[in-house]
């Protein structure tokens, strides 16, 4: 039955065992995509006529920005699923998504300011997108901190889910209001994507980078969730047996040294 | 079966909580004063920290008054559910047949009446001190009246999420600040555009829409948060 | 024998992944006077909180008049009176004002009824005293006055005898017994030996998970 399948998704043990098998091929695939995409973008894509080589940071910056935003929605959806169907696994996914999203937001801000220095002449510009990313970082930080400080784990999960859901309503509002503010106070700065469409020789590596980032995000999320599962279920029988098996494996591998 | 069939009047709990909290605040009148005093003192300090020339003050006045009002609201949020959590009133709210949404709304209304509204009322006085241009007074009062109501509603969620934490002030600030940002932007810019002669209608309409949305969503989210934190 | 009013059906509760107790079955017909006992940490308060609907059950169900309480929260809460070990008496308000707001959350109460209830808990004449002037025991008595004001069928009392003097304890026991006789249900916990003659006992020690089974 379809519902059985759905509820098995809620079982951390099922996910842990399945994902062990996925990782075998998914992790190498992600690595290959990352290496190919980024080296194509940084090394082989043609040089930009206006910005020179500094534009190349777009291959790291732009996919990170897209994922940082998408990650917030992924986190909130996981939280909503956990709240509605009272399942454990989605909450673990939600909690794992928060630091990954925060890290991507930091990466976006950092690469953005590195890019801003040669183009705008400053590391930080009160630009609509800059402010939005900064606020997104605060939104992520709120979730991370709330998950840490709550006395009870069950309560922390639900509290974070509620905050993330309210956050998703607010993300477009924040975006719109920052944009509105920017249109009122627009300083005379250079517009980056000034109408000119991107050339296919730059577009293809960019698309590949986006795909690679999505894979990387998924991989990081799976790994973080697996860690969270082990931490939370550390006192259950199946984790104890798993640890036992790993331990005896490593004993055998070390050749039975005394 | 007879008792189960009795419908209790739904508004009774709502009115009782409003009356209870207003009475409590009235008996501890000094509590209302603290956000107001904060508001007054910070605005008084401002010209001393920068340059007291009329021209500079007039430019930054709308934003400064709005930011200080925001901080004053934030300062008062921690106590919104604190006492009810500590003495078990919260449990009684949750276990009563009255909808928790209405109970939360009642508490938010009292919070706004005792913090936001007084701030909006004394704002023109501070406007004079900061040489706010004459076109800005009405937009300032109206935008602060609506804006502080939105901030009380959003703040209720933050207070509900952090009521069970021992040192909640920092967490509360962190989770509420990003949600306050649109209110601040719209509110402060409403006043500036009124001064610039563009008119305040657009900003006030946006604030009104935000208030309508916050009334629908925020007490509901805060009620959910209270159910979670009441037991921990 | 009629249908039991309150049914605990294979009830299990957990806190943060740790199973506190499991498989509690209990049927309470009208007239039940039941003490929940167990060692510290056995889950007495958790059981009471779960059956009021404050906490979700990990497994099993709680039924009131045959239907799960989750499907009829509002109806169930109309018939429930819960007194926990916290004392929701606002110090800034007078005794009467406190009872008025507490009452407004459930059935409407009149000022005459409050005066009568205060006589019952030996606080006659205290209507207009500010609550901050009351002693701990007197504050608890203000709460207990709710027992005389409430029309609820199910009383859930967590440690109701705390801070009450001897005479007060006897009177409270009599009130609980009378409520049961009149067709109500009283569930309570207590650390004190009781003088009451007849009451049932639910021992949570019997429902503890086996060692190694607490984490599933």
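Letters A, B and C mark the chains in the order given here, with residues in each chain numbered from 1 onward.
One rule holds for everything that comes next: contacts are C-beta pairs under 8 Å (C-beta built on N, C-alpha and C of every residue); 3 or more make two chains touch, one makes a residue touch a chain.
Not measured: the values here are computed from a predicted model.
Of the chains present, which has its C-alpha mean closest to the combined C-alpha mean?
B
Which chain pair shares more contacting C-beta pairs: B-C, or A-C?
B-C
Taking each chain's centre as the mean of its CA atoms, how far is chain A from chain B in angstrom?
Computed from C-alpha means, the inter-chain centre distance equals 33 Å.
Could you grab the centroid distance between chain B and chain C? Build each centroid from C-alpha atoms only and quote it in angstrom.
Computed from C-alpha means, the inter-chain centre distance equals 36 Å.
Nearest whole angstrom, what separates the Cα centre of chain A from the Cα centre of chain C?
47
Residues of chain B touching 2+ other chains?
Touching at least two other chains: 231.
Residues of chain A that touch two or more other chains: which are they?
152
Find every residue in chain C that makes contact with two or more other chains and list them.
There are none in chain C.
Once bound in the complex, which stretches of chain A touch chain C?
Residues of chain A touching chain C: 86, 152-154, 232-233, 235-237.
Touching residues of chain B toward chain C in the complex: what are they?
Result: residues 1, 3-4, 6, 8-9, 12-13, 15-17, 19-20, 23-24, 27-28, 83-84, 86-89, 91-98, 230-231 of chain B touch chain C.
List the residues on chain B that touch chain A in their complex, please.
Residue list for chain B touching chain A: 157, 161-162, 164-165, 171, 174-175, 177-179, 181-182, 185-186, 189, 192-193, 210, 217-218, 221, 224-225, 228-229, 231-232.
Within their complex, state which residues of chain A touch chain B.
Checking each residue of chain A against chain B gives 135, 138-139, 141-142, 145-146, 149-152, 155, 158-159, 162-163, 165-167, 169-170, 173-174, 176-178, 180-181, 184.
Flag every residue of chain C that touches chain A in the complex, lowest number first.
15-18, 56, 212, 214-216
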